[in-house]
Amino acid sequence: MDLALQLENVESGYGEVQVLWGISLEVSSGKMTTIIGANGAGKTTTLRTTMGSLRAWGGRVLLHGEDVTRLSPHAKANRGLVLVPEGRQLFPDMSVEENLEMGGYSKRARKRQKQNLERVYELFPRLKERGKQKSSTLSGGEQQMLALGRGLMQEPVVLMIDELSLGLAPVLAQQLFITLKTLREQGLTIVLVEQNVHLALAMSDYTYVLAEGRINIRGESDEVAKMDEVRRAYLGR
Amino acid sequence: MHFENIFLPRWIVKQVTLLAFVLVLLASVGFCQQPITIGFTVSKTGALNVDSLEQYRGFELWRDQVNAAGGIKASGKSYKVQFASYDDESNSKRVQQLYTRMILEDKADFLFSPYSSGLTATAAVVTEQYGKIMLTTGAAEGKTYTLGNHYLFQMFAPAPEYLKVALDALKAKDPKATVAFVYEDAAFSVAVVTPAKAYAQQQGFNVVFSEAYAPNTTDFSAILDKVIASKATVMLGGGHYADGSTLGRQLYARKAALKMITLLVAPDSEKWVELGDAGVGVCVPSQWEPQVTAKPQFGPTVAQFDKDYRAKFNAEPSYESAGGYAAGLILQHAIEKAGGIDAAKVAEALNATDATTFYGRTQFATAPNEHGLQVGHSMVLAQWHKDKSGKPVKQVVWPLASKSANLAYPIR
Amino acid sequence: MSGILASMIDGLLVGSVYGLAAMGLSLIWGVMNVINLTHGAMIALGMFGMYLLFGLVTTNAYLLLLPVIAAGLVLGIVVYWMAVHWVIGRSELMSLLSTFAVNMMVIGIGTTLFSTSPYNVNFSLPGITIGAYTFTGNHIAAAVSAVVIALALQLFLYRTRPGKAIRAVADNREAAELMGISSTAVLTIAFGIGIALATASGALVSTMFPFTILSGGAYELKSFVVTVLAGLGKPAGALLAGVLLGLLEGALTPFIAVSWIPLIEFGLFVVVLVALPHGIFGRATA
Amino acid sequence: MILRRPFFWLVLLASALFVFIPLRSNNVLLREDLILVAVAIILASNLNLMIGYTGYVNFGNIIFFGLGGYVGLYLATVRGWNLMLAAVVAGVAVSLFALLFGLAILRLRGAYFALATIGVLEAVQAFVSNFNPWGRATGMYVSFSAYQPLGGAMRALWITYYLIIAVMALSLILSLAIKNSKFGLGLFAIREDEDAAVVLGVNATVYKAIIYSVSAFLPAIAGTLMFYKNGMIDPSIAFELTLSIEAIVMLMLGGQGTVMGAALGGGLYETLRSYLLTSPKLSSFHLVIAGGLLLLVVLFAPGGLIGWLYRLAPRARKVIE
């Protein structure tokens, strides 16, 4: 099977505090992989280290077999590793249109910018309506759409999403998940960090459970959903 | 020393003794040629550097000429002159440290003042307490001399004299003129303008505008708009070179319709010609101009000084440079009179000085409440004219007895 | 023509140059949160750049703005790598001090080369005379140049890819990295542009007023005032705020002694900073 | 107890040396050099209370020194007060002024605060330049006769020197005392994380205003003494922005946050500047050298000399404050 993204024994942390203690992940092409875990387990840290926003203390990150561990985030982005970060991280003083345009900044994304924009507007017609508005004036849901749309504008090889549903009304979260499902069916590789474990397990192909900076459990999502400890710890039954 | 006889023939001993005697004599003559150190700070950098450096050139010329003539001769000894000088950055912060250093470490025998009244006042606190004589040049403000000093001697005619000549000249031409004062808010120019305003009113002029500007001003648009709005026909003021030259340029660029412009200090500098047409017609009260001939009792004639200065620096002397040279000359004269470099005796000789040199007359006040104030020197008013070939030249226009040309009034 | 109107026009003309200088400071603050204390030294270098170029090729001084701007850009990039890059993201004190250190060195070298004597660029355009008042051609040309440069910057920032990348980095550096924008490259360019604006304004000032190597300091302070009035990090507002400040000066001077103007300016500066930290045009966004 | 700190005795010893070395050898030149060193140490160590302890960059610190000079000189020469009384009153007056302004501008943080202090400095300079009783831009001159009450200029300058050394010692002891107090702990908490400090119960607004005001007191007294010795004061020397920034440079050089660092930085920087300025070969490069040195410190040794020392000998932390 074709591996889009691999983490081998990645260690990392903030300042002198180590957070990740040897994370190994394998993300298959065209699949949706989720990472779940309690607050502070190191999910966001894993994504940020993968992206290079945080320096990896040890281990390797491979993108389609190429070692990209030491590359800066923008270099990784230029290779198609895309992160939709927690808290959206939009450009607040720029319009919706400009935010999307910035998504198409890299050389590889620039070529198909026009088609990508049409596709994003098709997925999220609301964004088209608000095109000239400053992104900081959007509602929470619209901002999440924009963040996702901006990520899609980047022509992702692997799309990593940090907390898609955080702070959104359940209906809206569900809608976004359905959109993701569509994208995956179109062949996109997706890595999802998600607090809503129900949705994550239901929608994804493969799941990793993170606890205290280590991979605890890994497996096909439907199998993980059946495990007792997962049900007890994360599904509340 | 009876061994001598045994080891050396008598005649050799005689010769050696003689030789030794001659050597000692020679050495003592050589000793007579001791150096005398004069200390001062120069504003090599900072706002005052143009004016300060011209004064410094005057010092240098004097030193070189004195030394070439074998030094200052007093009571059979001759003293070579050497300088100890530092950069004060046009800032009084380190002036005391530097003057103390010159007195104690460089063993300066005499001192010249820094340039500008403000720095001089700071230096005076130090020089006075060590009983060191300081000749002040480039410091016309008079308050310092009322503070109870014993060893300060001012070379420049004091501040109230500056604009008096200009107002006198104006009175003769146009007693109905309306006058504006625009001047730097600094010790010297305030000391000049304050009495000048009173004098102008006393002479019956209508003073329609008076305002001081900050010392580092480069944009005079606002203040010049106000001068124009005041409908003044004559403007007096300025401060030092940097602001004065700018004022001159901007007055010209704005085509201010003034009949007479008199600025302090700046137009006297040889750099004023850089202003081109903007500089023509501007008047400057001057401590010294080469056109004014005086019969010197000692030192060079005016023509001689003018020639030597041009030869050395390839530039025209300004009154700052003449004042610098004259400070050296007057000090030299006093040392010669005192017969040595003892400070008290030299101070006495300076107190008694009433001499005419190329620089004009020099006499110091001796009353305790104004000791050292210059009372002998008088000022002239110079104006920039164009000669036949169109080159700008400075002419003396007042007092009439010394004039080399008529006051051009109105300017344009 | 009344004195106050003349005075306000003068204020307007000079104010646009203040505005241009402030844009440089504001851009650098906005993009990288650095208060650039080399600003004054760079303005002074712009003045001397214009002076030296004009000495080499005697032509319309305003044509020489282009090489001055280009040199400023290069200089800015050099300064960025010398002193700024390494302190990005560290405490404010560090960038304040590292830029001040460069300022000291530039002023030191400048003083050795040019002493602190005043210099002039001897170029003048015919002015416009209305009644008793004459507005010099140089003031007008400098103001027009300032506005043109400001508009060019605005177009660059809002209409070009690299310009938008600069805005993106200013808005959210980490997110910009995620978009594939090299923030280091953008910071370098932005610093270069900020310095180029400073040198351009210095060059314009040199056509209006005499200058020394120390003159930049006064314009740096003015730039602070303008930047704060506009709201820190809003280069577009800076030009407008500069013009407003000039107008204010012009409107006030007929009524009070010019020596009070700095008190009013800096008083306003402190009050705006404390009461309206987003500037007078700014709105309070989180 | 402060008396048990070895550093306290070190300060006293150093101050005693400052007094006795020039006195024994009657070395006035040394005295003139040391007085500038002492002023540098006073400025740096009081500034340290703001920057090093509280984390607020005060670019207008020289304002205290200048205003102190003005108030003190006005009282001592125009009003004919006793010099020491004038100096203390100047200290109190300037501290009150600082308290007032502090409450207003200390609402700002970070770079905004730093900018505001520049604004206040320039505004005060502009005000004094227009203030008639203080001689506007011309400033005030001390008449030679003003030195008479202290026994003539020669003695007066020695006395001012001792007083300045006393102020220097007081500055260092004050820094030490604050560092070892509960109040100091509160300041450190503000420096590390102001919001967290507030949550922990530190009344940050009051703490900041107090330390701002305290950091004004001794520099103001030093200002009176220095300008009295200088014989004159005018706005351009009293409120020089460059001097303010130089004080920050001294602090960085020595190591901010430590009492010793402020003292060391002040002493070294001043010695270096005055050596470079009077050295015939280097005098034109003094700014370049000082600037280069500062850049090196910022880039490679942000902890200053003391930080570097700590890295060499971690045990030094126990002795050095």
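First chain written, first letter: the chains are A, B, C and D, and each begins at residue 1.
The definition used in the following text is that contacts are C-beta pairs under 8 Å (C-beta built on N, C-alpha and C of every residue); 3 or more make two chains touch, one makes a residue touch a chain.
Predicted model, so just to flag it, every value in this text is computed and none were measured.
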Centre-most chain [mean C-alpha coordinates]: C
Most heavily contacting chain pair (counted by C-beta pairs in contact): C-D
Gap in Å, rounded to a whole number, between the CA centres of subunit D and subunit B: 37
Centre-to-centre distance between subunit D and subunit A (centres being mean Cα positions), rounded to whole Å: 53
Centroid spacing, where centroids are CA-atom means, of subunit A and subunit B in whole angstrom: 79
Centroid distance [mean C-alpha coordinates] between subunit D and subunit C, Å: 32
Per-residue multi-chain contacts in subunit D, two or more chains: 129, 136-137
Contacts with two or more other chains, residues of subunit B listed in rising order: 185, 212, 214
Interchain contacts (touch definition) - all pairs: A-C, B-C, B-D, C-D
Interfacial residue positions of subunit A with respect to subunit C in the complex: 51, 53, 72-75, 77-78, 82-83, 85, 89-94, 98, 101-103, 105-107, 109, 136, 150, 154
Residues of subunit D touching subunit C in the complex: 51, 57, 104-105, 107-108, 110-112, 114-116, 118-120, 122-123, 125-127, 129-130, 136-137, 241, 245, 248-249, 252, 256, 284-292, 294-295, 298-299, 302
Complex interface listing, subunit C residues touching subunit A: 161, 164-165, 167-168, 170-172, 174-183, 285
Touch list for subunit B against partner subunit C, complex: 44-47, 49-50, 90, 185, 211-214, 216-219, 221-223, 225-226, 228-229, 241-242, 245-246, 249, 253-255, 257, 274, 276
Residue ranges of subunit D touching subunit B (in the complex, touch as defined): 28-29, 32-33, 36, 129, 136-139, 141-145, 152-154, 157, 229-232, 234, 236-237, 240, 243, 274, 277-278, 283
